[in-house]
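First the structure, then my questions, so here it is.
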Amino acid sequence: MSSRPVRSQSTVSANVKSRLPALVVIIGGLALTGALLRLVEAPLWTVLRAEQPALRLDSTGAAAGQGVTLGLLGGFRAIVADFTWLRLHVLWEQRDLPATDTLLRLVTAVDPRPLYFWVNGARIIAFDMTAWRIAAAGGYDSVPEARQERIGAEQARLAIRRLEEAMTFHPANAALWVERANIELNRLHDVAAAAASYRRAWEQPGGPDYAARLHAELLKRLGRKAEALAWLVQLHPQLPTGDEATEIVLGRIRDLEKDLQVPAARSYRPPPGGPPGAKPGGR
Amino acid sequence: MTRVPFSFTRARLIGQNTLLEASRQKLFSFLLLLALSLVAGAQGFRDFNFGAPELKFLADLGYGAMAFFGAALTVAATAQLFFSEIENRTALTLLAKPVWRAEFILGKYLGIAAVAAVFCVLLTGLLAAVLWAREGSLLTEFPEAFPHGRTLHFADLVAAGYVQWLKLAVLAAFTLLVASFSQTQLYTVVTGFFVLVICHLQYLAQDASARGDSVFARAVAGAIGLLFPNFQLFNLAENVGAGVAVPWDRVAHVSVYALGYVVAAGALAVYSFRKREI
Amino acid sequence: MSAGPSGTPAIELRGLVKDFAVGLRGVKLRAVDHLSLRVEPGQVYGLLGPNGSGKSTTIKIILGLLEPTAGECAVFGVPGGRVEARLAVGYLPESPYFYRHLTGRELVQFYARICGLSGARVPARVAEVIGWVGLTEAADRRIGTYSKGMLQRIGLAQALVHDPRLVILDEPTAGVDPVGAAAISALILNLKAQGKTVLITSHLLAQIEDICDRVAILDRGQLILEGAVRELVGVADRQALVVEPLSPVQLGELRVWLAARGRTLEAVETPRARLDRIFLDHVGRTAPAKREGGP
């Protein structure tokens, strides 16, 4: 045990110490930590970011502003968006078109990830808002048919623009293409466009079979029967064996062959042992 | 001379006292009740056209409340529990005992981390109960929407709650670091929230430092990217409500990341508190 | 704890200087100015001085709460500022505040455990020291509800709970009623009887005079007077007699009697009872028990 005090006689002015050295140590320490932990961070961050293209987590160009908003909201993004959607629902019930429109934009700006914000938004724009505008103009009875059509087409185009925006966040998403096809078919009565959209829907990973069938159906309606037959013929082997839908497709093929008077020798023959089964993941 | 080694017992005692102090304060009970009632009340938002899984909404709400109120609670609790010692001069009495300054900082940290943990455990538990009940009723109402039975797993909910807590634990360590050299509680709270915001935007700084316009902008962005943790990394459990499983290897990965920052920020807090005049 | 080797002072200060930087420009304020002191083990040592003379600052340096600008400080030979130096020290800060969320008993228990006491001894020891300071009845109330004097008393209890060899009391009687102040005096004398060292600051000079062996007087951080109380206050060549009233005639006779012995009567006064004496006699509440069994 030492009884000699350690602190040596120093000049009095040496104290009243500035906090600068401590600050340097803290900043240096944090920088060192950051550099070391970057090794832990980087691999996980690369994976997480790649999995969330919908987040557009980068700071290039116009996305930078949104990146800041999203980053800021952090974990609260989902909850803020959900509450915005609740508020939107109230305004929707009140048929307040401008406010609903604003909130539709807001909700997807806050959280572009949930598909239902986009899909339901497009439906509201295409269907509900059309009805509201016609009602505001005097109702279905007094507004001329042509005008109703025009309003419907305007809203449908707006809705399709929303869906196109959604596709930048959710590329390769079948549901968005199905929605687009529905609007093109039912609102714009643009069968060719709808047929193309259904085909795109089917082409996305996990695209539903009925989209492929509807594509053929619409081709038929357009009078492009040969095209429809060719489509179904290449489709059938990709469908699961024994499925009801697969049988329906085969039935359609036979109908079209009859319509087009395809000779029996050249008629479609399902692959022996049945089709290979479930369609492959991506085409 | 009798040596007094660093003692985890003393740190634990200080931590326990800190937790007790928090639990006997109205502000914290208030925040906790607010968050709990929000989650419990989420049951009430049923009558609207969601068009998508309601469970996802409930989970978002629960974890959103955990993130939001948790961050507020953590920053406020850290500043309050630290400065109450300084301002009420209880630190004077405590540090006049054979107590290392490092034990004091560690004890305070343990107490605050425990406050955050209690908060996350209570909220996760309540959320799990709410989700389980709602899933059960949806299951009978719309069996076709659940072809494989229940989609939510308790383990995933717990993992998501744990990741939320990890983020709060890092936030607490940084706020404590600020408190260790700051002179006022208000400064600490404001800076704590500032740190929270920067940590959420850290990834933008990383990007900007890689391809910024000017050398200066790159340097600033690079420094921010280096000095602060990336809180976006803690968003790996965002889709539990949609029945998406939480990958355990990633949870482990982000735990290492959080632990690294807690140790570093804690050590620096000890360093800066070491010579502080009480 | 082993006692330091004989000759090791309980506290030793050598050339202690403390400067505070005040204001934004960091103007220096010298709170302690080249102070050198020795407090021997077993002494009750009084540190006196006007407000702002550096008493509390000196104490905080001894406890390692402040770092001296220059000079040396040692407690039982261990350099101040080391954790080991605080091992055998009990400290009551001036105008203390304690964790308001705890009860008095919880508080003393907390500090007992912090100081390394553990197990079943703790509750008994805690109850004992709370008894010494006369807080047994209020022990289970929240400290937030304590009066100023009660805070001082609970502060005293936490300072004594780990049976320290050196007790440092910064104005222990501030805000305490005369009964309590007298009890604290008795407690300090009791500590002395057990061989403890006590360093005390106070503005109650009468009390200091009664209990201290030595005092140091500081002014603006400088030591201006130091010595044993007996030497400093004793007026060795005078005596006072207190008798029943004498008539002028009798006084004259006394003068003659004194003159015959070569003495003169210098003053005749009517002594007045000290107010604290009257207070103590009338508020004869039992002063907090502290003696038997002692600290």
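Things to note:
Here the chain labels run A, B and C in written order, and each chain numbers its own residues starting at 1.
Quick note on the criterion: contacts are C-beta pairs under 8 Å (C-beta built on N, C-alpha and C of every residue); 3 or more make two chains touch, one makes a residue touch a chain.
The shown structure was predicted, so the numbers you read here are calculated from the model rather than taken from an experiment.
Here the largest set of C-beta contact pairs joins the chains A-B. A centroid comparison over C-alpha atoms places A as the chain most distant from chain C.
Chain A and chain C have centres, each the mean of its CA atoms, that are 77 Å apart. Here the CA centre of chain B is 46 Å from the CA centre of chain C. Each chain gets a centre from the mean of its Cα atoms; for chain A and chain B, those two points are 31 Å apart.
The multi-chain contact residues of chain A, meaning those touching 2 or more other chains, are 1-2. Counting only residues that touch two or more partner chains, chain B has 1, 275. Shared contact sites, meaning residues of chain C that touch two or more other chains, fall at 67, 77-78. Taken in their complex, chain B has these residues touching chain A: 1, 45, 48-52, 56-57, 60-61, 63-68, 164, 167, 177, 181, 197, 200-201, 203-204, 207-208, 223, 225-236, 238, 250, 253-254, 256-257, 260-261, 264-265, 267-268, 271-272, 275. If you check the complex, the residues on chain C that touch chain B are 1-2, 60, 63-67, 77-78, 83-84, 86-87, 89, 91, 93, 96-102, 110-111, 113-116, 155, 158.
Residues 1-4, 9-10, 13-14, 17, 20-21, 24-25, 88-90, 92-100, 275, 277-278 of chain B are the ones touching chain C in the complex.
Within the complex, the chain A residues that touch chain B are 1-2, 19, 22-23, 25-27, 29-38, 40-41, 43-45, 47-49, 57-60, 64, 67-68, 71-76, 78-82, 85-86, 89, 92, 114-116, 119-120.
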